[in-house]
Amino acid sequence: MTWDEGLHRGAQVVADIPATGRELTYLEAIRDALRFELRRDPNVLLMGEDIGIYGGAFKVTQGLIEEFGEARVIDTPMAELAMIYAAIGMSFQGFRPVVEMQFADFISTGFDAIVQFAATNHYRWGQPVPITIRAPGAGGLRAGPFHSQSNEAWFVHTPGLKVVAPATPADARGLLLSAIRDPNPVIYYETKYLYRSLKGPVPEDDVTVPIGEAALRRAGEELSIIAYGAMVGEALAVANQLDAEGHSVEVLDLRTLKPLDEAAILATARRTGKVLIVHEANRTCGVGAEVAALIAAGAFEHLDGPITRVAGPDTPVPYSPPLEDAHRPAAPAILEAARDLLAY
Amino acid sequence: MELHPDLLIRAHYYMRLARALDDRGTFLHKQSKIVGGYFSQIGHEAISVAAGLALGPDDVAAPMHRDLGTYLVRGLHPRRILAQYLGRSTGVSLGRDANLHGMGDLSLGLIGFISHLPASTGVIAGVAHAFKLRGEPRVAMCFFGDGSASQGLAHEALNWASVFQLPMVAICENNQFAYSTPLSRQMNIANIADRAAAYGIPGVIVDGNDFCAVYQATCAAVERARAGGGPTLIECKTMRMRGHAIHDNQAYVPKALLEEWATRDPLARLEATLRARGLLDDDALAALHARIERELDDAQAFAEASPYPEPGTVRDGVYA
Amino acid sequence: MTWDEGLHRGAQVVADIPATGRELTYLEAIRDALRFELRRDPNVLLMGEDIGIYGGAFKVTQGLIEEFGEARVIDTPMAELAMIYAAIGMSFQGFRPVVEMQFADFISTGFDAIVQFAATNHYRWGQPVPITIRAPGAGGLRAGPFHSQSNEAWFVHTPGLKVVAPATPADARGLLLSAIRDPNPVIYYETKYLYRSLKGPVPEDDVTVPIGEAALRRAGEELSIIAYGAMVGEALAVANQLDAEGHSVEVLDLRTLKPLDEAAILATARRTGKVLIVHEANRTCGVGAEVAALIAAGAFEHLDGPITRVAGPDTPVPYSPPLEDAHRPAAPAILEAARDLLAY
Amino acid sequence: MELHPDLLIRAHYYMRLARALDDRGTFLHKQSKIVGGYFSQIGHEAISVAAGLALGPDDVAAPMHRDLGTYLVRGLHPRRILAQYLGRSTGVSLGRDANLHGMGDLSLGLIGFISHLPASTGVIAGVAHAFKLRGEPRVAMCFFGDGSASQGLAHEALNWASVFQLPMVAICENNQFAYSTPLSRQMNIANIADRAAAYGIPGVIVDGNDFCAVYQATCAAVERARAGGGPTLIECKTMRMRGHAIHDNQAYVPKALLEEWATRDPLARLEATLRARGLLDDDALAALHARIERELDDAQAFAEASPYPEPGTVRDGVYA
């Protein structure tokens, strides 16, 4: 799967990735970003459970403790709340900690530190909290209710945080560089499903992807599919299929979930008049709801059909393969919804 | 105090069963019949079985991911366990939860496990609180690990149990690692049991690979709790003999450590005791093996013959 | 303020409150519900910090420990996570614990127990978790960022929970009875601002308000204002004002936030074609986003104007009076938005 | 060891200032100039001032809601504090945060307080971790209460500090109540300091109303931390002399207990010491009072003359 071609942004085609010829998996791109930042800035450090000698539950940090030592790649006790608080404290002294949650699911254990302290600090006394929390999320891997969560909406709702969710190796790298350099707390949702299944061109140089900018992955006339994370690939598959059937479908990859790229969202909605929003996260009050609400307010006169969402049903993510497959939005369900909208 | 022969024989059955079921799971995982994660409990059998046997039928336990023995002792049928592993609709969680998660059944006094460690400590404090409020002579037992001990909840729950003097027994399975993290990165003390003093409750250290020792310590704590004496923290020193989960070859564990602990295998030790007391010979062991293999063959056949949940039920069951 | 007259539900007028003549404040109604349930069901018990002898930070539980004793009105250690876990464990043994968070803001400290354990348990192994968590929320009381939060969206997004937010004394009582009797975990958002400022008729008998049903507080033709909590009163004030100006405005009180009363929401949207959603909670990914998304999907053909939200800005709730007043949606801001929509 | 006269005189000034500022706040609250909550710190002056004075200029402290003394010692001007109380744009949090919350200023080594107790323990562990990583001879100090000690975070943070051997001093202000909740409902042990053993760190118990005792204990801990000796837990036994906050008449506190503690007032005790050592007489005290009143008059005038934040700025400041 290397569907990350013809990278677009907003209404225009964005600059192509420098043709270094380098292709990395999504996972390698994350590691590459971490290494790049660890080399570039002595204040960057990594913290998490089993990220050192073991290289992390998914081996994202493999090799980094060997290169940077245990003062910069810190294996921590199993204590997410203290971990995130510690990262905040370190950031007050100029460090730029990148905290790995072993799975995004465990971010709830450190919730207070994120939503109460980190999110409010700059507002309350002007001190920035430049921490990044890496949250390996989402499903499709038969990992059950506690290792498959897409809980980004908790943080998208919470002021003071930024939330990103890259869908390509290049964005995985570029957004992580931006996240680490951002003076605000950033939750970086990485999609486990893409770790090894997705490969793509990734620049070697200091190429960041700005936080807050969506990317138009495919331009079209009749329908906009708005997605993020692994669902971008599904959306593109659907768009290709519909293309083959003579339809013209646009795919907008949100990339940043907070702040949402309202301009890009409204632009695509205005352009096509029909919007299909796709995410794995539970439907109710998910990011899709906000996107729909933005469009219903800001592109009302351009709409030619109901704003439609295809999202994870409001249940935990089930383990059993037939159940998980029924739960996870994938090309068939998206296709059906897209056809309904096109026919509307 | 010498333990009763019947008890030892029962314990032996369950410890063997736990290990064989563990092996069976590994086998099924290798065959890709189990997908996703799989946790081994090898090395933990004495703890999970002994603590389980120390409880009465009306007591309640919240085991964690290496306590297969406790589930078995409390009557959770291997059929339901293997069906759970295989994601079938006949599994404990009807295919919804993974591996040892969510294997709860209050009719058996079992609380289903969630990943977020150590939830068991909090929820069991509540169960014990209920017993206390009702004046029922029942005991609630939780299990948690050396890694889990670093979580704030372990502190809150033990403190809660002590403040309300609840009939709770907290078993800390110190297997020296939390995933790849050694004790030294988890704490700066020699014994987790020493934390009992932080709550004003007894702390007991026991050889977690010695069935008789764990049994006696847990029985004493259970009796104490039942008699209104409040909670006890028991630290069982043991060793995780496999990786954190099946994908993990635990290269980070010194070989010598594993070899040393292999000589203290809880099952071998119980068998030696049984033999020394004339309660086991080669024939009996072979018969037991055969019986367990039959039981597991049956369970596996049941599981494999069981249907997967219907995709159409994907929205079911969230609300009572 | 006793604006709770002419109680409607859905498109029809719902049964009026039995004319017992009893008027209670919102706070008294909550206490009354707790007392009613404690008397009715020996399995009901209360837990929380300072709820016993002290009667609770807001005195909601005042007098209850005297009547029911300390086995049923339990002063706990200051440990929200253990508290909610303990409630779950008690519920497994047949109790119906009602847990008071001292302020809704502190619910994040017990977050894991709610979203990971309580919310998923019935799904995972069939055991219901009949606990109620009382969360005194929202602002307007000069209480600053940590005593004014409206964080309900975290839980509205999380499957397995129910969330209610009464706006009247009668609903405060009726929904609390329903919450306690519900076999599922219910987060009961009570609005501190209304505690003593709002008085209204409250039945004495066993009159429950069903979870999942919105109430039409005022019927109208031109515009629907959808709100909950203290914003219902603001919405009604605006509707009255517009009424005086010759407009006809409908006010729907959501009452339950999860599950949302989709039918009532769509009905009002279809009826008036113009929808204004109001809540104190931060705007992005708030309940208003979900309501807007539901309408944008389900009432598209009936819409005569952009779906509009008036919500708390995406910032913590500020302390200083001029700032808090600017933050909290109130009649003037709602009126302006309503006028825009009416003129659309 | 006798403390230096200059130190005692400085301490006296800050303790008096803290108390007078506290009284001024109460007064302003009664006048409805402060709206919302208001926390008194009366009884805590010895702790907050002594611990604050034990720190060096490059150290960092995370005080809690009864540590006015620490803020003052570290140089937070009463003008900014009163402006904060009054919700003015010149307050530490520019009117955004309430009363003692959010009074952070890293240029003074002060971390702003959040309600969610005991956040101070976690964030200070991180600050101490930073010092350790950089090899800087700096110390980080947090304050938390007896109620806060029941929170999981207190456990996680102390354990973290010990595992990494951080230069951290944790001051537990045991004032015997958490809101209305007495110690017996919070824990089943006599001394919170005894929990230090759960982390393998020194635990020290000190009379929290004795400035000299607190100062010496905190200095020792600070020196130890600075020298690489790791964290210390210091429990200061004291009494909260007012209600939890201004609305609370603390009827639940036995009168006798308050009367008993009134005889141990930390300020009166320090003054007695000063007099005994010839460092204070009635004239000097009167002069000090007058000076402090002038300072507070100035601060109040500043605060009252300060503008409220502009409503139009309501969306500002969330992001850096």
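Here the chain labels run A, B, C and D in written order, and each chain numbers its own residues starting at 1.
Heads up, the rule we're going with is that a residue touches a chain if its C-beta (ideal position, glycine included) is under 8 Å from a C-beta of that chain, and two chains touch if they have at least 3 such contacts.
Since we're looking at a predicted model, the values are computed, not measured.
Colleague: Once the contact rule is applied, which chains count as partners of both subunit A and subunit B?
Modeller: Common neighbours, subunit A/subunit B: C, D.
Colleague: Work out the mean Cα position per chain and let me know which chain is farthest from subunit A.
Modeller: Of all the other chains, the one whose centre lies farthest from subunit A is D.
Colleague: Taking each chain's centre as its mean C-alpha position, how far apart are subunit C and subunit D in Å?
Modeller: Between these chains, centre-to-centre, one finds 37 Å.
Colleague: Using Cα averages as centroids, what's the distance between subunit B and subunit D in whole Å?
Modeller: Result: the chain centres lie 45 Å from each other.
Colleague: How many angstrom between the C-alpha centroids of subunit C and subunit A?
Modeller: 32
Colleague: Using Cα averages as centroids, what's the distance between subunit B and subunit C in whole Å?
Modeller: Distance between chain centres, rounded to whole Å: 41 Å.
Colleague: At which residue positions does subunit B touch at least two other chains?
Modeller: In subunit B, the residues touching two or more other chains are 93, 96-97, 101-102, 114-116, 150-153, 156, 159, 163, 185-187, 317-318.
Colleague: What positions in subunit A touch 2 or more of the other chains?
Modeller: Those would be 76-77, 79, 81-82, 105, 108-109, 112, 116, 120, 123-124, 145-146, 159-160, 313-316.
Colleague: Chain contact graph: line, ring, star, complete or other?
Modeller: Shape = complete; every chain linked to every other.
Colleague: Note which residues of subunit A are touching subunit B in the complex, please.
Modeller: The contact residues of subunit A facing subunit B are 49-50, 53-54, 57, 75-79, 81-82, 102-103, 105-106, 108-109, 141-147, 313-316, 318-323, 325-327.
Colleague: In the complex formed with subunit C, which residues of subunit D make contact?
Modeller: Touching subunit C from subunit D are residues 35-37, 87-89, 93, 95-99, 101-102, 114-117, 147-148, 150-152, 178-181, 185-187, 252, 308-315, 317-318.
Colleague: Enumerate the contact residues on subunit A facing subunit C in the complex.
Modeller: Touch residues, subunit A against subunit C: 105, 108-109, 111-112, 115-116, 119-120, 123-124, 145-146, 153-154, 156-160, 258, 260, 281-282, 284-290, 292-293, 295-298, 300-301, 303, 305-309, 313-316.
Colleague: Note which residues of subunit B are touching subunit C in the complex, please.
Modeller: Result: residues 60, 92-94, 96-97, 101-106, 111-112, 114-116, 119, 121-131, 133-134, 140, 152-153, 156-157, 159-160, 163, 317-320 of subunit B touch subunit C.
Colleague: How about subunit C: which of its residues touch subunit B in the complex?
Modeller: It comes out as residues 45, 71, 76-77, 79, 81-95, 112-113, 116-117, 120-130, 159-160, 162, 183-184.
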